[in-house]
Amino acid sequence: MREFDLLQPKTLNDALEALAQNNATIRPLGGGTDMLVDLRARRVQPDTLVALQGVNELRGVTRANGHLHVGASTTIAEILKNPLFAPFNALRQAASVFANPMIRNSATIAGNIGSASPAGDMLPPLLALNAQIELVSRNETRVMPLSEFFLGPRKTAKRADELISSIQLLVTSNQSPVSNPQSSAFYKLGLRQADAISLVSVAVWLERDGEKIRDVRIALGAVAPRPMRATRAEEILRGQIFSETNLKESARIASTECSPISDLRASADYRRRMIAVYVRRMIEQAWQHF
Amino acid sequence: MIQFDQPNIANLPELRQIGKPLPRIDAMGKVTGATQYAADYTMPNMLHAQVLRAKHASAQILRVDVSKARALPGVVAVLTADDLPGAQVATDIPGVTGTSKRAGTDAPILARDRVRFMGEALAIVAAEELAIAERALDLIEVDYEPYPAVFTPEEAMQPGAPIVTEPDNIVARWRIVKGDADAALRDADVIVERTYKTQFIDHAYLEPEAGIAWVDENGTLTIRVSTQVVEHFRSIAAALQLPQNKVHIMGTLVGGGFGGKEDITVELFIGLAALKTRRPVKMVYSREESILAHCKRHPFTITHKTGVTHSGRILASQVNLIADSGAYVYLSPYVLLYAASSAVGPYKVNHVTVNAYAVATNNTFTSAFRGFGAAQACVAYEQHMDEIAQALHLDPRQVRRVNYAQAGDTTPNGQAFRGAVWLEECAQRAWDALGETPPPSAPNIKIGRGLASYMQSYGRITWFHDTSQAWVGLEMDGSIVIRCGVPDIGGGQINTLAQISAEVLGVPLERVTVYSTDSALTPLAGTTTATRQMYMSGNATYQAAMAVRKTLAERASQHFECEPAEIDFADSAVFVKSDASQKMPLTQLIAMCAAEGLPRANLSLFKAPFTEKLDPDNAQGDIWPDYTFGAQAVQVAVDLETGEVRVLKSAACHDVGRALNPAAVAGQIEGGATQGLGYALMEDVQIVNGVTLTPSFAEYLLPTARDVPETKTIILESGTGLGPFGAKGIGEPALTPMAPAIANAVANAIGARVPQLPLTPERVLAAIDSAR
Amino acid sequence: MTPKLVKLNVNGRAHHTALAPNTTLLHALRDLGYTDVKSGCEKGDCGACGVIVNGAVVNSCLLLAWLADNQEIITVAGLGAAAKPHPLQQAFVDFGAAQCGFCTPGMIMSAKALLDEYPHPTDEQMREALSGNLCRCTGYTRIFEAVQNAAHEITSD
Amino acid sequence: MHKKTIHLTLNGEAREWSVYPNELLLNVLREQEYLTGTKYGCGIGECGACTLHLDGAPTLSCLTLAIACDGADILTIEGLARDGKLDATQQAFLEHSAFQCGFCTSDMIMMTRALLNENAQPSEAQVRDYLRGNLCRCTGYASIVRAALDAAALEKQRAEPSAAS
């Protein structure tokens, strides 16, 4: 494997200092489940890695001010186990089919986001849940919608001197009299039953108002250079009665909004078709959850 | 779960350990991590080797400059073709293909002027550390000039196609003629003609290829290697120009073989490096290297043209087979023979013509893989049986039933089936084990069922004149020592020998130790290939143990004053069958024999049936000692909107003759079926224009624990096998029928057929579309 | 690339060993003699290198050894030996769950982590827990039997 | 206890060793350099099996601290043959089969080499006296003494090639 120096800061300040001092060949290291594979394959060639494992500020999941703050180092396994994630069904479903249990014990939420693979399993549910991402550097902290974070395959809005510090999700309660019930669902279509890379993935989030879909977000994975929202497909449903016709039309529109490629796993045409099938199925599933 | 049935056990002797699912003697080492595999051995002063591999599928090599690599501190040797003039890997079986070996058959150890597939070896680096060896590879400069290439057998057979290996691209052909198929087709009520395709697949043993080589103080090159064939010491000696008695292969327990460790892997690279550096040299393939550069299963295109009567009786078959041999020949001629000879399956067909070709291309070379051509043939003939039934509007099981071969019927080569041929019995039981068809779980789900019967030989080609040897001895404390050159690749090869000797000599299994897999120190037992070790080395061990038993029984009969036939052995004691009070510890008898100089050990050689080569005009003649028969039934659920397939249930029924260890037999059947499931649904080494698109386990998909269905394994015991206690081989047969059974089940569910493996969701959906 | 002295606590024994920053835990353990930890793919696809670090089963090929400094590591050899095997190990022997044996160490570690979390796992939980460990020989059926029987054995004690 | 870095020449090549103060030269050679030709026989200087040349002098490596070898020139049995050609002492031991089990052979050869460096024409008595600290349990020394004497003659012959022809 490539030679590099490994820094093991104990505080966020030290980590950010290290990133600020160094040039572009420094990279943060989370769970390592992507980074070590990339290092072996020479897809990345850093001179220095900053291991975030020992930085306590990046750990922990807390609920405050109506939001869930998910520390960057939160592992995928923790998303499955921690009851605080219970309201976020799509995120749980994605975590449950994320790679395999061993990888889940190491891989972190920020690592999956930072890798910015178009097929990253956690990304569509986070988009559908309208997650905010917090980026920190020595000089500033900025928060942006996750939808603005992904720029292209493995390209993000994060600068080399920045770290993902947390993800924030809006928590609402189905018991609350002031908010409408909400539901979400996720599916990954792969070529086997476990530990598969997605051919397509679909996450949806619904807010219900009687027989109407008050609000909806649809996010797609592996069918564009970056994980994407199918906003035109959402428009078909938003504020409308939940109906078979609307559902089918929305699914059809979603399949035209994406821009998949053909590769060794499937053709672009097949992927488009599967987007239509699974957008419809996931909306049905989320609706049935109410 | 194993169902266990013994319908024909009356002719078998009383057995105390054979037939019991005893824990294997190699198991404890494996579950505690104590077992040392090839990559686990280190030696003082050891170097690490790495191989530079070609980055083009077809190119002339203009220049290989290793000077910078040699200059890197820590690099001890960099070897290229110039360091080993003339050295070649023999890829034909020496001395058995007879007449003249085809030109261009051998593969270079390191390419000199030309590379023929992407991944071909160009140079070997040996360095003090693995990281240094890897860095040195980057420093080797190679200039290529692209050379015309061909990537499909169909193109490679065209006149004017680029020649991959001289003199032409057709590296092997077989033409089998039995009866007059042309004439018989004219009498048929219906003719069904279909084409089926299979893909490249990878053995994907969990243990990558590995070995360590050193030259001892006597100049003997010793190679400790993960291999199915310790007899490679002979071809290694030839390639490295050493006397055969100066190459010593010490095998290890092998972390999975499946045919992929049948050809030479690291041996010549580390052997050469050790000879040059006079230091121990270790090499372990990366997973990517294993997938990219070692042999694959042959893809086949198989066309059946079959004439049948309205009642489903097959009158004649014409079968064409084309196999992709990749860039070198290796075992292609034999893989092709297995496929050609089993082209019409276990059915009685009086008029058969088979034309089979193995064709060189600039793809990764192909060679042995569990099922060895016969598995590919089964993918075609069993799907074809269902398509015949469909054409005739008959139940596929009925069409099989009227055509199943019986004992005395012959293969396309004219070889008669012997012993029990329980095709119908196996098919019925496998089918019944599926139980009731459940209702679909959703409106978009269709449930389908499929069946496949098969025949698969066990034992090597009989004109190879196969033999095996084993040495069995009793120690003074009553423990048993077996010495046998058998490589254990995980199928329980060693345990089988232990269990046989334990049975014959009445000693508990755990008191048997097997010394195995050493070309210099254990009697040569032949390859762990061709489903032959239980049959060959099992019989050799049985013979040797029986010889020891005979000596001991005679001495005991003197002591007890009875006939030797009255003596029996059990629980480390010897006794008179009719009078249990007449008994002594086995150790006492051993001591008596030792005091009198009577032998307590025996070296025995077992010979398979020997035959002459096939008639060159029509390929008539015997090819194998015997066949295993069985059937696989599966139930699948297909999503009609997405093409996703889930196998819900799998039921296998095989007549194994005699299950020496039912747990081990069931393990073979379940593991083989799971490989067949991968073959059917997800495994695919995609080589496009010579480039492997699936270089790791992220792209090359194996079935996981979640992919295997509810599984039923039914073991039948006809007792008519040629192995010890009437056993038949089950290693390869276990895999063979699974893929076509799944293909038939999917076709049954969707009313259309995907003629190309694997059945990806996309292909299945396309077939569903076509049926609409 | 300066090596650093790392303390690896493996199966209850402390090792102080100088390691370069790019050494994976897999190679560090194998170099220390823990060859029961197998290398099958070096990219987290096969699970043969599975070990338990601080209670969680991970791919040791994807963990830099420095990050395991001072952590508690358990390999299959640490679960038990022939003289006193762990119930999982005994069950793998008794039910014929090991064929070639190369996936067995990682498989048992995943099974161990499973039973630590779910003493009576459902079939679903078991299959999911083992889904990162590829086996090419057994077809998993015998492994499932062994794990369920070991679960029974452990909880009935 | 801290390791110290030392530099030395081993069989003609420069070496940098990092050694603890209590490490024996014998062990460093065998375990770090994998030069196992130098043997462990008793650990207390009674048998001579660990003999090598330290700055030209025959030395018991089991009684020598490695850390004391900073700047030293060490020759072991592995460094004796040059350019693929056996040293005269090795050639003589080979021709006289001056070994049985072979375990003392390295040290006997290294001692003979040292002897010839000091005295190109030793008498039998001088040979026996020189080798008195090196034990052999197999040969009874007769063949070793013959080999040592012959080595002297062989070396003389090699030095005067014309006289040999």
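Should a chain be cited, it is by its letter among A, B, C and D, assigned in written order, with residues numbered from 1 in that chain.
Please note the rule applied: a contact is a pair of C-beta atoms (placed from the backbone, for glycine too) under 8 Å apart; a residue touches a chain by one contact, two chains touch by 3 or more.
Computed from a predicted model, the values in this text were never measured in an experiment.
When the C-beta pairs in contact are tallied for A-C and for B-C, the bigger tally goes to B-C. Between subunit C and subunit D the centroid-to-centroid distance comes to 48 Å (mean Cα coordinates, whole Å).
Distance between chain centres (mean CA atoms), subunit B to subunit C: 29 Å. For this pair, subunit B with subunit D, the centres built from the Cα atoms lie 54 Å apart.
Subunit B has residues 698, 703-706 in contact with two or more other chains. Looking at subunit D, no residue sits in touch with two or more other chains. Touching two or more other chains at once are residues 42-43, 45, 127-128, 131-133 of subunit C.
Inter-chain contacts, as defined above, occur between A-B, A-C, B-C, B-D. Put simply, subunit C touches subunit B in their complex at residues 30, 34-43, 45-46, 48, 75-77, 79-82, 85, 88-90, 92-105, 108, 126-128, 130-144. Chain contact summary for the complex, subunit B toward subunit D: residues 44-45.
On the subunit A side of its complex with subunit B, the touching residues are 1, 3, 100, 189, 191-197, 199, 264, 266-267, 270, 273-274, 277. Those residues of subunit B lying in contact with subunit C across their complex are 21, 23-24, 26-37, 39-40, 203-208, 253-258, 284, 286-287, 489-492, 663-664, 666-667, 670-675, 696-698, 702-706, 708, 711, 713. Subunit C contributes residues 1-2, 20-22, 24, 42-45, 47, 50, 56-59, 61-64, 66-67, 110, 113, 127-129, 131-133 to its touches with subunit A in the complex.
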